Amino acid sequence: MASLRTLKEEVYEANLALVRHGLVLLTWGNVSGIDRDQGLVAIKPSGVPYDDMTADDMVIVDLDGKVVEGTLKPSSDTATHLVLYNRFEGVGGVAHTHSTHGAAYAQAGRPIKILGTTQADYFADDIPCTRDMTKEEIEGAFEHETGNVIVETVGNRDPLHVPGVLLKNHAPFTWGKTAAEAVRNSVVLEEVARMGLMTAQLNPQAEMNQHLVKKHFERKHGPNAYYGQGGPN
Amino acid sequence: MASLRTLKEEVYEANLALVRHGLVLLTWGNVSGIDRDQGLVAIKPSGVPYDDMTADDMVIVDLDGKVVEGTLKPSSDTATHLVLYNRFEGVGGVAHTHSTHGAAYAQAGRPIKILGTTQADYFADDIPCTRDMTKEEIEGAFEHETGNVIVETVGNRDPLHVPGVLLKNHAPFTWGKTAAEAVRNSVVLEEVARMGLMTAQLNPQAEMNQHLVKKHFERKHGPNAYYGQGGPN
Amino acid sequence: MASLRTLKEEVYEANLALVRHGLVLLTWGNVSGIDRDQGLVAIKPSGVPYDDMTADDMVIVDLDGKVVEGTLKPSSDTATHLVLYNRFEGVGGVAHTHSTHGAAYAQAGRPIKILGTTQADYFADDIPCTRDMTKEEIEGAFEHETGNVIVETVGNRDPLHVPGVLLKNHAPFTWGKTAAEAVRNSVVLEEVARMGLMTAQLNPQAEMNQHLVKKHFERKHGPNAYYGQGGPN
Amino acid sequence: MASLRTLKEEVYEANLALVRHGLVLLTWGNVSGIDRDQGLVAIKPSGVPYDDMTADDMVIVDLDGKVVEGTLKPSSDTATHLVLYNRFEGVGGVAHTHSTHGAAYAQAGRPIKILGTTQADYFADDIPCTRDMTKEEIEGAFEHETGNVIVETVGNRDPLHVPGVLLKNHAPFTWGKTAAEAVRNSVVLEEVARMGLMTAQLNPQAEMNQHLVKKHFERKHGPNAYYGQGGPN
């Protein structure tokens, strides 16, 4: 169980990082992480203030959503997280926020177009927005269907090359190899949304050269990555 | 009198929460709370800096506005608060701020359209803006008439389903079951105003599916609410 | 000389208040205050970082700009402040900032229209923008001519009813009965500029009822003011 | 080697100043400084969190990019910095950030027009944006070519009169006589970008009188500069 302890601490720290980066108001937002060997997920409890939370409050669920450890109810978005773990193999962490600019793009139903190296350093393409959910999806297993719509939106792309989407009329979901990386991608998404809105105001026709997109993404994530002190960062 | 002491402390804390959430500049903004059994309201004193204020400075008035306890003058907006307590039965707290984005919507005379789940988690509909007040209302019992115009704007809706309005050319008023909940609704109103302005800039035609509005509002407030650790949150 | 000591401390505190309110980057901005009995003005020294400054660094000049006390050079904008003291009798303090939204209006050459009670609580009207200065004014006694253009812009209005203007392609100047009140008016100007920009984005045709303007200004500043714990605030 | 020690400390402090001024998210941004006598440059290591960094982590490279001192890899943007030192004689420090508004202008491919004295106090003209880089430049010695494009954009102008450019679809580079001054120019660039975006929203036709530009630039930087306590500031 040592690894579960570590996972709970990582997920706890990742949830606090959301707050520290100014991505969270009140109790909005949640982060989870998975231990792939055990097939167990640690996630923030539902509606608990960040200030009162401890690492022990993280709830452990299996990939079917059954609570395995913990006395609190897991996040009401747990079923969405689980779909992503079940369908995206390389993903080790998932984050959900209502960060202001990301949420505005989601409300507008617009993708965050790739217009600069800030985005290309982490996302190989536009950050897409999901389609409207149907009445049946909304009134059915809503949070599970939400996960399905995210998976549908990512489509054939490598989820780690487009590590986030905008949930229409809702807000962003991001992911990464770890819970910390999922949070980092939420930070990046919010910042490029902020830049993207201003860019559109300055020049609605702005575009980015695909050679430059590729260069920057591969500088950090390609087989010959050379940013940072080791391999890809 | 124990309950009055508690009420004053709750109202004092709620006033400080406005400041902590960045909704207040200088001495703008005020929060009140009511003890329904005694029919007494605690409210911030007028024009006193938040830093110098103590719980004891909260002024107690009855539902006709008579000062029952306290040496300072109550907020100049007291008469508006009292109309809301007299007309909205389930309301236990009222907050007024000049939060920037909410005030901008009020100055524009535009409702904050419901465009995302951030709003739908707390408001079941658009946040309406009041009509222009008449010369007679402005030159008459101005603060009392302000309350009347708010009540007129809420109309037949359940005040706890639309727990706030924009006062035209002025700023937001919000309310809730407690003073703390009224402040929380001011926080939400300011954030959805911020998101709403950006959404309009990204896509002036943005809309939200009514099924999704209903799902989110009821997830937190309906008879089968399942967000948080207990009942509705 | 006791009063000079007090004046230097008030002006020092008012300069720090500019920083605390987020209206100052680097060494931009300066506040002065006047002792009308002695005809002496205390003002921030030129280009000194706020962190290193003490009350003793405030420079005392007479109404002709002669340094009477202090080892540092006074603000390069001193001549502008002096014109305002010489021409506006009731003014006891002057503040100059490059606060972002105020500066944007000044760069746009647009007045800050009165659109809400936030402005009407402190300004009885629009906050005007000066005309372009001529080549002769710019290449002549520039800072003195800047003061003249401000006075020309205020025109026949009571300077304490319109306690600030936008200097075209530059930034705001505000004033008040004291240095602290001049700073407060800089805070209000920046906030109403921020609200004004957003209001224009939401509704370019927004307007405010003159009865409401008058009601709010007089609630705080008229002969029957009833805001705050004493008289006008 | 005493001077190298000092240089490393200055560069370390300048990197932290970027963070303190809110111009940096995550590990984005880097500052370097040069010792012209030794022809050696100190620069931030690549991808190292600011919180963990010490002055000793600054990497020393010569003007050909060879690491002379230090155990970490230098910033992946080092080659860009070196072109600027090799081509701009009077430059002693270079800074690169992804500051939000500057990056938005870079993404839009638009210069930051000179519209106010805030800009004219530090830049004698518009802040230009580079052209698109070619496929060959991007796939070749990318960071070196980036430096060449910056030099091409500055053209015949004195680099200290236009101490920064926007790198198209990327973000700002600024420079100055020292590392600290390069950072100060990044602060100014971000602020005038913020003001510029708002100015364009308020009045797309806004312009600034060239006499006023000249007056303000020379007040701080001309032979008869009179701002601050000494010479030019």
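Order of writing sets the chain letters: A, B, C and D. Residues in each chain are counted from 1.
The rule is short, and it goes like this: contacts are C-beta pairs under 8 Å (C-beta built on N, C-alpha and C of every residue); 3 or more make two chains touch, one makes a residue touch a chain.
The structure presented is a predicted model; accordingly, all values stated were derived computationally and were not measured.
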Exercise. Go through the assembly and pull out the chains touching subunit A as well as subunit B.
Key: none
Self-check item: Interface residue overlap between copies subunit B and subunit C, same or different (over half shared)
Solution: different
Practice problem: Calculate how many whole Å lie between the centre of subunit B and the centre of subunit C, each centre taken as the average of the chain's C-alpha atoms. | Solution: 33
Practice problem: Would you kindly tell me how far, in whole Å, the mean C-alpha position of subunit D lies from that of subunit B? | Solution: 46
Quiz item: Among the residues of subunit B, which ones contact at least 2 other chains?
Solution: 201
Quiz item: So that we know how the chains sit together, what is the shape of their touch graph: line, ring, star, complete or other?
Solution: ring
Quiz item: Which subunit A residues qualify as touching subunit D in the complex?
Solution: 115-118, 184, 187-188, 191, 194-196, 198-199, 201-203, 206, 208-209, 211-212, 215, 219, 226-229, 233
Quiz prompt | subunit A to subunit B touching residues, read off their complex | solution = 25-28, 45-48, 72-73, 76, 98, 100-101, 103-110, 132-133, 135, 138-139, 142, 169-171, 197, 200-201
